[in-house]
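Note that chain A is present in both complexes that follow, paired respectively with chain B and with chain C.
Presenting the complex of A and B:
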């Protein structure tokens, strides 16, 4: 008798979420099998990597990744165009860090203007991220959603403390939404339920169970993501079927392995190689756990992960 | 767990009157409300339906599936009516379920119909000569029926074994025998056999205000042993909440604060 490959069967399917518009629009999700197991089901859409930029020069990024963008990062429009035209980014994630009260505390109106400027300069899809300040994000993301009306962006992140206003804005301006909870699968499910109970379509939702870097809690993120996928696919839990986001760059480019100089730790090897490997490895682990959308910083790390995706697809 | 909504029964006066006058509205409403409450199948109990049974069942199936996009559990002892129901059934949302065959030769015809229409079927583990004494006897009958089903060409995955729940107020020891049978039935095949119960039988004859409690606790014990499906009232919120909570404990539903609302 010929050998028959044992196959798992799944009851559920990850939801399709599209973002952007025109011929550069993207779709993520749609799979009815675990990541890359194409022999067990349909995996219609490849994971997408968005290139991260921010609305103010990245003085808080370590030199390795700051240097890559040193000629363009003085202004978000130039930076976005560089990512799209030179790095061939498929999507761009704009983080509005300058609105954070502890940074420049810039206004929601300033943020709205930045978004309009960036959107008129690019044609790839845009992900708009707040500064991760619960109260401030509520006002900034509302203004951002309005400024981006008609562009079918992804906005986020809606959290337990501010989701109501952000959901209403995403609903009013027809954007996709990132729902973020802090490494707790039960709270991730609860937030998705609360958001859909507001009338927000679950097919417009993306779950961010919170990322972490290799060596700094990656196994927690991995485990939560994997359990979300299993609940959605095996138990057909409709609340756990939105695509998953891995916001990798911001967690990686602050750990000592990506920052410590060669002079300080010669035995760790060249800093740039070390940093990009750290980001690429963290992102690859997220992909294996079920991530559909990655936000990354270093172009070399992005190309390593793109290559991995191509090999596994 | 699979829920078979039990509310459309000839025993209910409102349903009986609607059946007699061929008024689809009350029946459709009762089907819809059960479906929305989480029923996966709608039981259609027309009783013996000796007069115009075929026409009645056809009308019932078509009226219900016009509003409810779910498979039906066809519950009649009239074989002509049953066949008419199977013909009328729209399989787009799943195979129908025949309620039921048993080890009584008069009911073997139901297996023939299940094979002919590729329907699922409930097999009551009871023979012609009286009620089974314990779980072992129920298993013996189940094994006989599984062999017979194979002869008729009914695949085992289309069979739901029913241990026959008896009322606790008169046959207390049978409550535990049926629970044990649910566990043992599953061991009769790999993959495990599917199981079903008519839940409210357990509380037949007990004071009305205690029936809900008895049904809920009994359902939990049955689910713990791996029950696949129950014919029950999906409009009983406390019963549904008990089922959802048991599914959380059994790891079949991921906990969230709002799990009862899902």
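Presenting the complex of A and C:
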């Protein structure tokens, strides 16, 4: 029996989304085959890893990853510059956690100022994330979108409870937008439909089906992502064709495996290796499931995943 | 490939004699097509039909064990390309490779490392399954000696004889034949010799070729030589080759019924840099490998890879659950604390582990919430005040303990008022949000 390469024919294609400006601008998506299967389609853009920073010192991050940034994380501008210049980050994701009512409850104006300062200090593309407080994000992200006008940023996350104002702001200031739903393909689809019904171009959307860490629901995220990809490619479902985001760092750097010291769990081995591996493996699994854009924290984990992407492409 | 009911019907006697227990041959054929009955129930079926149906009903990916005994790893037998379509059945084996010219100390260290790799996670015992001994010395007796040493020090591990030299392979297989080592392997140059060894000693054989064309030709040849328990190494080196070859192999077997590639896959992912190696192993584990060969095992790496393998291979339709009941942790007295949580395995094992860590003897009431986590169950209406109250009342716990205090997870603090209304005379205490705060919480209360 002669071997015949079993190729799949896909009807659909993942949409191209560009962000940032000038020669550091990036494009994600564009593939018309399942992840990394170059034998049956075009995979024009490699996945991008954005390095995560926040607008206030990361006191809530565990020591392993907090220590890496201890000299620069006192202020977001220094931190952003360090990621760009020293770590050679291709993109930066700035999370406005201090605006959360349970944190410092800082105002939307404060956030806008931080955004302006950071944008004028870097030239790589910026992803602007709220604090994941539905009501507060609705005002913070509107101010942030305005402050970043002209920079072609990605802003997010728009969720079922707050998407209207955030979509309007992204539309007005010409940004790309992350739409996040909760681990359910139908919810992801529905939110994309609601957003495009507001006149928002589907070619400016990024889907976040919600991440989960290795050992803490990773299999749910993995399968939802695979199903989204298959729907977009095989059934040519236009609402399932935006690139996919994996917001890995924030889900990984709170689980016990990335926090517990070797003294407490000798059978798990050294904490630094364990924590970075936890982030790197979670991210790699997301890539295999279809993620186009990753947000990560530890530079060692980022470099391992960069190397893996290089081998995969 | 599977036959339809009508195709099977054509092969049956068509007498409708009912001896099979079905009213007609067609009804029997339909049941056969759905694999609901055994062909042997029809006493009159022809030899020819038996042969055709036997071949058609063979699983598209051959199933057999790596190793022997209780810890043998079942390989192959997969039926889908994506886990959400049904599930992946047989978790891949993790193997560590060591060269035969390593010192005895190093060989013993690897073997004992494999023996002590076993860890418990979410109620499953997980371990490094196999040791691959590589023929690097060029010395037949040294190879045999190294294989024997490793086999003796790791009595339950599966063995892989990483050796393409027939003379060395022969002597090593002989020495550990009872362990059914995987012979790795046969290439175009040594196919006959390796097949002869595998056949004589009844051990599985790995076919090694560069690319899937050559691999298919090789497995056909080996099957012709009488070897059926085959493993595939397509020569994939880079992560890109791994995902592309493995996908093509799985698709060929499942969607095209292409027999020459209907076998379990072995990937060697050895890299400089242990964490990088783990990342490449992630690609293999997610995409269809049955054996992943690593260069080193470390506790942190084992834990991460075991967890990933467990995640990929859980049943997507049925979350892992534990039995609903009131578990005793330590030796609780009638005055010991009582806590409640849901029956999602992950939740139960995390919480019970932390209660154990606290060293405060306690009771943990685990309520059936269809295997959902605390917040998911709450959001889905399965962990409500009414249901919890009912469960506590029905459990009979009131007669076993001298207090009426129930500690609830911090994430559902919102339930405390309604629970106090429904559980008359009880005091509801809101525990911490995260389980890792439980030890401090319990210790502080106890003191």
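The rule we apply is simple: the second predicted complex is superposed on the first by the 310 of 313 C-alpha atoms of A that agree within 3 Å, B and C clash if a C-alpha of one lies under 4 Å from a C-alpha of the other, contacts with A are read in each partner's own complex, and residues count from 1 in each chain.
Quick note on the criterion: a residue touches a chain if its C-beta (ideal position, glycine included) is under 8 Å from a C-beta of that chain, and two chains touch if they have at least 3 such contacts.
On a predicted model such as this, the values are computed, not experimentally measured, just so you know.
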Partner chain in contact with A:239 - chain B first, chain C second, else both or neither: first
Residue contacts on chain A - larger count, chain B or chain C: C
Touched partner set for A:116, first chain B, second chain C, both or neither: neither
Chain B versus chain C as contact partner of A:103, first or second or both or neither: neither
Touched partner set for A:46, first chain B, second chain C, both or neither: neither
Touched partner set for A:193, first chain B, second chain C, both or neither: first
Touched partner set for A:300, first chain B, second chain C, both or neither: second
Intersection of chain A interface sets (partners chain B, chain C): 227
Interfacial residue positions of chain B with respect to chain A in the complex: 252-258, 261-262
Complex interface listing, chain C residues touching chain A: 82-84, 119, 121, 212-213, 215-217, 220, 238-240, 243-244, 247-248, 251-252, 255-256, 258-261, 273-276, 278-280, 282-283, 286-287, 298-301, 303-305, 307-308, 310-312, 314, 316, 346, 350, 435-436
Parts of chain A lying in touch with chain B, wherever the complex brings them together: 185-187, 189-190, 193-194, 197, 227, 231, 235, 237-240
Partner chain C, residues of chain A touching it in the complex: 1-6, 8, 34-39, 214-216, 218-219, 222-223, 226-227, 230, 256-257, 259-260, 267-270, 273-274, 276-278, 280-281, 284-285, 288-289, 300, 304-305, 307-308, 311-313
